[in-house]
Amino acid sequence: MLPSPGLIFQSVLDGVFLGFLYSLIALGLSLVFGVMGIINFAHGDFIMLGSYLVWILANGLRSDPSFMSLATVPLFFVIGAAIYMTIIRPVLGKEPLIQIAVTVGIGYVLQNFALMMFRAEPRAVQTTYLNLYLNLGVVSIHLAKLISAFLSLLIVLGVHYLLTKTWVGLAIRATAYDREVASLMGINVGKIFLLVFSLGIGLTGLAASLWMTFGQADPYIGSSFGLLTWVIIALGGLGGVSGLIASSLIVGIIQSLTMTLVSPTVSLAIPYVVFIMVLWFRPQGLFGKV
Amino acid sequence: MHTKNSLREAISKTVGIVIGLVIVIAAVAGVLIYMTTQVPLTTTTPTTTKPTIEKVKIGIIEPLTGRYAVFGQEAVDAARLLVDIINNELGGVNSLGGARLELYVEDAGTSPDSAALAAERLVSTYRPHIILGAYISRLTAAVAEVTEREKIPLVMDALVDWLTEKGWNYVFRLAPRASTHGKAAVDFVLEMTQKKNVSIRTVVVLHEDSIFGTTVANGIRSQLIAKRVIPNETITYPHTITDFGPIISRIRELNPDIILSVPYFSDGILFAKALQASGIKVKFIAGAGGCGYTDPDSIREAGEAVEYFTNTYSYNPARQTEWNKRIVRAFQQKYGKLPTEAAGIIFYSLMFVYESLEKAGQMFPEDPLNPDNLKTIFLSLDLNDSNSIAAQLYPTGRIKLAANGENLYGGTAILQVIEGQPKVVWPEAEEGVTPVFPRP
Amino acid sequence: MNPRNVITVILPALTVALIGTTIPFLVGFNQYYVLLALQSVIMASIALAWNIIGGYAGQLDLASFAYVGLGGILATMLMTEYNVTPWLGMFLGAGVSAALAFTIGFPLFRFGIKGVWYALSTAALVVILHEASIMFLGPFDYYIPFVEGWYYLRFRTWENLYYFSLVVLAFVISLNLYISRSKIGYYLKAIREDEVAAEAVGIDVRKYKLLALVTYASILGFIGYLYIVSQRTFSYNTFSGPQSVYVAIVGIVGGLGSVSGVFSAALILKIVEEYLRGFLGGVLPGLHLLLFGSLLIIVGILRPGGLSSLTDALTKKIRVRIQRWYS
Amino acid sequence: MSNAVVLEVSGLSKRFGGIVALNNVSLKITKREIVGIIGPNGAGKTTLVNCVTGIYRPDSGKVFFLGEDITGKPPHLIALKGVARTWQKIRPFYNMSVIEAVTAGALLRTKDVLKAREEATEVLEFVGFPKSKFEMLGRNITLIEHKLVDLARAIATKPKLLFIDEVVAGLRPHEVDVIADVVRRVNREMGITLGVIEHVMRFVMSISDRIVVLHEGRLLTQGTPAEVARDPLVVEAYLGTKPV
């Protein structure tokens, strides 16, 4: 059976919405890796933790999950700072392998903390104003996804503005470029690291609240995002926000198209095949500079 | 700088010593525990004088951590409750002089590795007389290898078909096998379409890709084909799915009258919500396989989205028998929610074990806990609502094991969510309930 | 190789194997402890194989269970479908895994993929095999039918398999020691420390990395059957991403390139994990993994050299003692 | 044979994006010479070495070593032919002991690890590395010791031509003298031809037989140290703007 143009269009649209959310998730990870060189394998697990927080708050206040970002983002910013001070700072100069081991350890702790606190049942938010579809003839748009895509894009562009147009952004980019030179220029590298890591974790708080408008929380949801986010970063290259958005959209669309047209099982593997191919032929990523 | 370094050295040295000490203590404790708990193999050596049995040891191995913990935790909760009821309300195993059941819980983890270790540990430290477990098929297989070798009867709560086809001698299963679920869902839907004179043109089978989902879906398909209804499309999706958007698009395209669906757990909630939001009108959504849609957790999480969905159930929490009502009430009191299928299977499996023990005390007073004697009794019992509590807890009300350890009367109940409550609608609807078909 | 080197390479492996042989007797053939020992020895062998690519060559490989799964499933299917003895199947499994490693490694190293990107592409390899095997094998569990005997390397009790795994372990230990004392080992370590500087002193970086990768993969392909037969079933779940990460963690906690460190890390982590699972798993689900994660963080912060900083000093002391005793 | 050409570079150019790092550079190095290669920052000194040793592939031009065309060959093959180098920014082997690091170099010419270890010991003694620290890990030694290890690692590959890239950067005056002495002995006693890239004029003037001056990627002039020091072009381009 040949798929109709409407179905293909719908599926691309779904992919685009998903892609924008991916770009928000990847942004924090990419910042932390690009600036600090820290390979954070627990990034997805912070989203998981955030989802539970959103679930508690949204159900308690009987309100939409997206509003909960007002609470989760500051809270996760502080959690990020605390984790940076206690765990990340002591391993900054050490081998990447040790850093990975530590972040994997954080992941284990978060997952099992959630398991002990909330047990393994998935949790979804009851009240959401956004869980409806707008039927527009050929396609229908899931409002929750539209809003989350829009907010994701807004925040990603906001962070882009922060990085390119403000003094702090300049300092962050200088630190990413060369730590030693940056510190010679009078930039307090320690403070920049603290800021970047907190920001990276803070963004997961936002991603979690957008996720909960249509998704649900369970202790292992983090692993669905972890590796995929890295694939997005690799495809985007560490060049900039535009590359990140482009690769997020590509991954989102590829996933959505293969899921609709081929098979949902295949759709899990395809981004990784593309990833390995791209690494072979363009090690700097699709959109990275040489 | 120097003091900081030496401080760090001191800390790391201390940590090293502590780790070392822990290991040594663990080793010594392990050996001591092993020596003190090693039980002489009384069960296999026939004795001439009638032994006084004070307790019957029941092992339960369930996944309590990892992805499957949601089922395992529920099963263990159910076992704890039932052991309580048996010991306190039924007075233990009366034919064994009121011997009490004692429960030993082990975490099977997520892999056959840890499941096998759990089984070996349980066997070598406590040597239970009967073991229950382990919900997931490959974990159960790892456990069964051990229980076979040690000749300990294993009453499984895993549903996948092949587990009773490997020629194991001490493996029993009361719960209906996975493919039965698929068959039941089809029978129910076809019966309803005839009764209510609903025409169906398009049927879609939608299932998650785990071994369970695939087995149930195979059951659905073969029953459909047997009834000369050819499914228009089968959609398989990963059980870890996080976004149903693309699948909803495809369903919109196919515009089915009936969706026969095998959800895993969380995906069921996701799907129901996505379908509701999409506004697609599907005449009926019939689930199969017991997880998702109609269990209290799903109803709580999905809310109105699952209204009028049905699902086949290995357990029927609404069955109006005296004991079933009593146990469901006790479960609700203790844990604050209705029991799901994972709990229900343990209810009747453990109750069946208890009734077998009663019988063993009468038939084999000199050696009631001998595994071969237990097997003889397991296979000889023919239970129904009037003569057994276990049967009262079972969806079809009848339990009789075949030679391969499988229940001949294995069957499911179908529950429908009506006004936010799971109600039994098929094969016999509970009092005052009629199935709503098609969905309004 | 001169005779003194032969002694330093073979002797430790033999000692470990001999001490290992006594364990079933010490625990009175308690199957729980024998199985725990078996699983620890298999994990130690896998981690020590990883040590070649991860510890010596410094490539953070996260694909160990891609190779374990591929080699193991091949050997198992040959046995169940065609009655081929795993003694042969394990070598074929090793060959297939090595071929896969070559196919993946050649372009990766050719295009200079390293660091986190190498790690991610190996992690991606596991995901791809995981999904591909769902397509080819379906979601089913494949149970190894019960056929006892050395021909099938399948037994009711665990001792025989354990003895066999000890032989494999001894081989992997001596291979590690041989590598660390030979030209290859020096070259791999130089590559780990600085690829550019290594090339400048005449090291063919690509060739040696590929050599390390293929060696590692073929050992894992060989161990595959052993792993599966100790599990009794295989399925697409055998291609496990988390397990592959676990192997790398053992290698890191043990200390990169340290044979004694990785060996003890594999044993200690497995035993601690099982101890916690056994005592806390039934009481407070998840607590044992939480503690396990905390342990990783603590090791990372306090002992970045891993356990090797403890064990290396110990083995050195023993070696000096033995040498003194000889002369 | 004493003035046989070891290295001949002809018309070498290398561009990075819009920046021309090397522009049509030609030069010769003859046997047993010490050639100082100087020039201000960004003159293309290190790029030249990188092109010769195969780290970069030149955009145009040829490199001949002992008459053989080695242009664009991979670094490890060029090292095998007998060109070695040290690094401006040290590239230490932190997690290998000093002796192991140098042995890795010595293994280029032998398979026998024990023999390579002996050779490594000799080389380390030759450059005056303290014997008590042979077994120390790279992470635990000082900067000058790193420089000595770097030098020893390169010498251990038994090169015919050795480039020394800004070896004294960051060292104290008396340490500079120690290195100068070692470099001279490498040339005299081991007979290795040397190309010394340097920023510190006092050091390079004192040890070189001949000086090559690069400026903005081009070869400015060459001659004996005395000639170069007097050359007005050099004074203007280099010494004049940046007195040392």
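As written, the chain order gives the labels A, B, C and D, with residue 1 at the start of each chain.
Throughout what follows, a contact is a pair of C-beta atoms (placed from the backbone, for glycine too) under 8 Å apart; a residue touches a chain by one contact, two chains touch by 3 or more.
Small disclaimer: the values here were computed from a predicted structure and weren't measured.
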Seminar exercise, completed: Remove chain C from consideration; what is left forms A, B | D
Seminar exercise, completed: Higher number of C-beta pairs in contact (A-B or C-D) found for A-B
Problem set entry | Chain whose averaged C-alpha position falls nearest the assembly-wide average | C
For this session: Please indicate which chain is farthest from chain B, where distance is taken between mean Cα coordinates of the chains.
Result: D
Problem set entry | Inter-chain centre distance, chain B versus chain D - centres from mean C-alpha coordinates, in Å | 73
Seminar exercise, completed: Between the Cα centroids of chain B and chain C the separation in whole angstrom comes to 35
Seminar exercise, completed: Chain-centre distance (mean CA atoms) for chain C and chain D, in whole Å, is 42
Seminar exercise, completed: Check: chain B positions touching at least 2 other chains come out as 65, 69, 73, 209
Problem set entry | Residues of chain A touching at least two other chains | 112, 115, 265, 268
Seminar exercise, completed: Residues in chain C with touches to at least two other chains are numbered 134, 256, 285-286, 289
Problem set entry | Chain-to-chain touches, reported pairwise for every pair that qualifies | A-B, A-C, B-C, C-D
For this session: Could you pull out which chain A residues touch chain B in their complex?
Result: 3-4, 6-7, 10-11, 14-15, 17-18, 112, 115, 119-124, 126, 131-133, 135, 140, 142, 144-145, 214-216, 218, 220-221, 224, 256-257, 259-260, 263-265, 267-268
Problem set entry | chain B-facing residues of chain C, complex | 27, 30-33, 35-36, 39, 134, 138-141, 143, 145-146, 156-157, 230-233, 235, 237, 240, 243, 268, 271-272, 274-275, 277-278, 281-282, 285-286, 288-289, 298, 302-303, 310
For this session: Please give the residue numbers of chain D that touch chain C in the complex, ascending.
Result: 53-55, 74-76, 79-80, 84-85, 87, 91-96, 100-101, 103-105, 107-108, 111, 113-114, 116, 138, 153-154, 156-157
Exercise. Okay, in this complex, where on chain A does chain C touch?
Worked result: 33, 39, 41, 87, 90-91, 94-102, 104-109, 111-113, 115-116, 223, 227, 230-231, 234, 265-266, 268-269, 272-273, 275-276, 279-281, 283
Seminar exercise, completed: In their shared complex, chain C is touched by residues of chain B numbered 8, 11-12, 15-16, 19, 22-23, 26, 30, 34, 64-65, 69, 73, 76, 104-107, 109, 111-114, 116-118, 120-121, 123-125, 137-138, 141-142, 145-146, 149, 160, 162, 166-167, 209-211, 213-214
